[in-house]
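Take a look at the structures listed below.
What follows is chain A paired twice: with chain B in the first complex and chain C in the second.
So, the complex of A and B:
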């Protein structure tokens, strides 16, 4: 058996954290992801199954919702991304598939994305420099898909002073570079 | 150019990619007797109006929805934006009502 070691999206053994001025950028590696796309005309059935079994209410356009330990945000019409702690829900996609059955298509997304949580009073200043999303007018619990550093990303407002950014994992280094550059310019 | 997405509100045109004439939604029936002619027309025959044009746009860096955008090709004014799925569903409902 090979001795395989898991690495983070940035290639480290442990998550990376950078503090620049009043902003802290943390690589998030402990969340599993799966997308749930309702099949034709079955959005209500998906919603019912998830509410009954894990208490999760699927959010409307541009919104996010949570029902610990799960959280979810809207990705597109009748499609949602669901997250849960990796340690307890490593097989998140299989778990969700059991719940929704044939009413939705569930796709494992954990290894497709990297996530950075950016915290600090200047988060809006930072994301204004990186994307054209209206971050300042986004309320807590809203999520938007847009571009940052030429990459397609999700911005997810977790709190007043905390925004998560999810981008393509293979471009984690470029995204991190962009975050650092923007953080330095607002520091 | 700003495209006023029916669900997400005004979004910058750099988030979208352009496909072409919105009649591409009306794909011919490949089993019909005149399928070859119908597909020839579907694929090659297009109007190229100077003025109002209905076209398909893809919100690639957003919710990845297809939109039918009515745009004036002379002034670039955007007159209306609809979800392509709604347009296709309405067309199907109209066909089955006939």
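So, the complex of A and C:
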């Protein structure tokens, strides 16, 4: 077992959490990510394999789905992001490739992204200041690809009062700064 | 002198007294006052000076259309020029100053301009400052610029925060007067998502400015009820203090919410203003109407105001501009001003009505068929001169005049997408025509419905109709009754024979200026506007445009609609630059990207450089190094003699998979990839469609159907986008999937003769790094440090024996620390982008300077890479004759003949003898550096036919700075031209 110490997207040894007013912003570092893109004409086969083996239904445009411990959201035409706990699924991409075989291209995306879960009653007020996504009308289980702080991001409605934002890892600091600023505005 | 002009009643909170200053004098007002209402209540009419003639001015209006009462609000970094006192909400401690005057508002030296008004007419700039020509730039323009402008800025940074945000709704209601409130209630009760925005801090529009607007309940009380009901609805967002300033495409509206302008200082962390982008399915413009003035001699003195404004000050703010007010009008509506004032005990000596058949008003005399032909009072009105119908004149002593030429629907937002208004002869005004922005509807006075009753009903009906379009069933809200009569009006625009009668108060445009424009044939409204500057001030001519059109129509003998109307453009009222910038200022102007080793590099005191959004270490200074060259030279020498490590995570990494992945790469790269074996990397060159080279990099084959493409840092996004275009649009039949993995992997170049030894300490022992097993251009998936998955590529940008090693980004920081620790025995150094650049120039590798958008593979010496055996993007056009001439530019190395000379980048190359001019240009220098290996300045550049000119001497010239250096053309590969080192 190697002894290299990981750092979080914000550069810390452990996840960062900030509470501003009624909003809590939590850096999420315990989820592995992998993209699954169906090969030409293979979307149904990919769907079948994932349903059969892990019970996961691939969602339509703008939607997310889950089958614990896995969850997934739509990210492009016949392309989905799958998540699972990092500790138990560090090699998520390899695991999924085993399942889908040649029906899909699978790419490790775990460290390509930073993720912040924003929780609190003012969560929509906050994201209204970050993104043009219609957050108020997003139901739980919807995910949208949009921009925030000039960055390409995903917004994922986890619950009425909880939205996850995934952005490019290298810009985690900028994204986090934007979240803090918006949280102060609505506090 | 302060006088008490405060009346009874009003919507001010007399329990909260607010102290403020204007031009250093202290006053007090109440919560609910504007700066203008509070000043009027304190007996202050003089609030500003006009733009050109520096005429004393007071407020004309009680709203955002105000042209005169512009002040500088606050001080220091918060100083805001040209703030309309009529909309500035009073707060305790407010500090305002008049502007465009010196030394004081009462005694303004520049008022001398008024004496020379005959010379300062429309177009005087163009006539007066034409000759001598040379004087314009050096003399006239600086003087004019100094004299022009109203308020001033301090030049200090604005300390406040500004937000931006996005809202979505079914129905956006713009304006919370009777029409807007009726619409919002109707839509709100139907369950639609509604936003109700009003620029005022108090909802209600004219309902709170009038007495008896409604029959069974006071306007203010009904507004309070309606507001309370709307506020209780989750589906309705009430936005007072919010100006919808622009109507944009697809139902999107721009709005600025003044979150903290009514406070001395915003709460810590909170924005002063927020710019909202509102995505509406339908938008209802219920912006009411704007009263129009009448042009007559000296109609601009402080105290001369619009009748509706005088009424609003009296009824809503309990303030009167004076104790004695004459009314001058062409309509019945203004008579209400007289009645309301008299009810408050204000003297109304007479109503001067231009209509011979004007109705009588109890309590005052109505001078029918009369006109005001002049006024007196230097700093404020003292009397008006009336031309009676009977032919003789009469002076009326008064300190204020309430005038009204009728009302114009407030059309701004209806015209933002070139909608042209149409003339409504019944109300003698323009109303919205065709060409409204998509999804926009208009109701109330803005649509020419000039009574409260009609406004209420049309607002409710418009909401029902808009929701019906959206499939949301709605019924009209129950509305209060109003029995006001329609405006009875006879058009009257200006008093004939006046010498100076103002149309555009803010830009000092008079009837005479319009006549002059006509005389000089600037008849088209667009010419009229530009020649006279009519409507070009900060108020966009809200009170002036129609008057000028009427005068021009009279002069040309055409009707007003035939004369035309100018177009309104966003913003409806001025929006501060800070609000438009939002949070994206200073260091937050754009997001930054940090490399995985950023924290470590900071610990090493690295100097960073912005590369796109990336912050890259430029060099790593060590103790005692006082010049960057010392650090860079050391990093280069140490890397070339032992080993150096550089964070190259920023290079774009694109994962390419699919059954046709290899064929796809064949398409996007000029050279072939189909036969690249698994476990190998190949250098690749990408061409644009026109055959010009635009990016280079490598592609590593990890499996038959799996490649990782690397791009230059700068072009990572462009290349990915182009690849997606090829995949989706040009070759949709290919089975290939792309995704960026730039961020997912931390990647380090480990370069130098000891790089293998260093890596052998890191890479797990089961992976053989020997030259035989892992030769130059090998790649593979390995593990490091006892089991961490990694990727290793044996590629070299420096020309040394070198590798690039990648691990999941979260371990990038740890790997960098591990590499430096393991490298201690080799004196390993980190190197930055400067050393990277020096080494690639020494090696003759092209980079962005060479791939500069004008150069082909041939120019770069890579002509043979463009495969003729396959098709690729840019292949055909790269064979164009003009791009393949024998004297085509060729990438060469350059070194100074005298080793002491420097090779400046950017200079042009000329033959050793002959003229120095563009016609004799032989090429140019793209990159230059000092090579610590060669102890000489060196450069790369393009020279005509350069491949065959090695050894030739050229002059490298920079005529602008008088530089000339003799250089020799050499091979671009200064270091290890045979590539023995990188294959070692």
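What we mean here is this: the second predicted complex is superposed on the first by the 184 of 187 C-alpha atoms of A that agree within 3 Å, B and C clash if a C-alpha of one lies under 4 Å from a C-alpha of the other, contacts with A are read in each partner's own complex, and residues count from 1 in each chain.
The rule is short, and it goes like this: a contact is a pair of C-beta atoms (placed from the backbone, for glycine too) under 8 Å apart; a residue touches a chain by one contact, two chains touch by 3 or more.
These figures come from a predicted structure and were not determined experimentally.
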Taking the superposition as given, does A:99 touch the first partner, chain B, the second, chain C, both, or neither? neither
Using the touch definition from the top, say if A:147 reaches chain B (first), chain C (second), both or neither. first
In the superposed arrangement, which partner chain does A:22 touch: chain B (first), chain C (second), both, or neither? neither
More chain A residues in contact [chain B versus chain C]: C
Does chain B (first) or chain C (second) touch A:111, or do both, or does neither? second
Between chain B and chain C, whom does A:129 touch in the aligned arrangement: first, second, both, or neither? second
For A:2 in the superposed arrangement: first (chain B), second (chain C), both or neither? second
Could you say whether A:61 touches chain B, chain C, both of them, or neither, answering first, second, both or neither? first
Determine where on chain A the residues touched by chain B overlap those touched by chain C, and list them. 132
Chain A residues touching chain C - in the complex, by the definition given at the top: 1-8, 11, 29, 35, 37, 39-40, 79, 91, 102, 104-105, 107-113, 128-129, 131-134, 136-137, 149-151, 168-175, 177-178, 181-182, 184-185, 187
Could you please specify the touching residues of chain C with respect to chain A in the complex? 161, 163-168, 193, 269-271, 274, 277, 279, 583-584, 588, 590-595, 598-599, 613-614, 649, 655, 657-659, 705-706, 733-735, 737, 739-746, 783-789, 807-815, 818
In their shared complex, chain B is touched by residues of chain A numbered 61-62, 74-77, 132, 144-147, 152
Name, in rising order, each residue of chain B that touches chain A in their complex. 7-8, 12, 14-15, 60-65, 83, 85
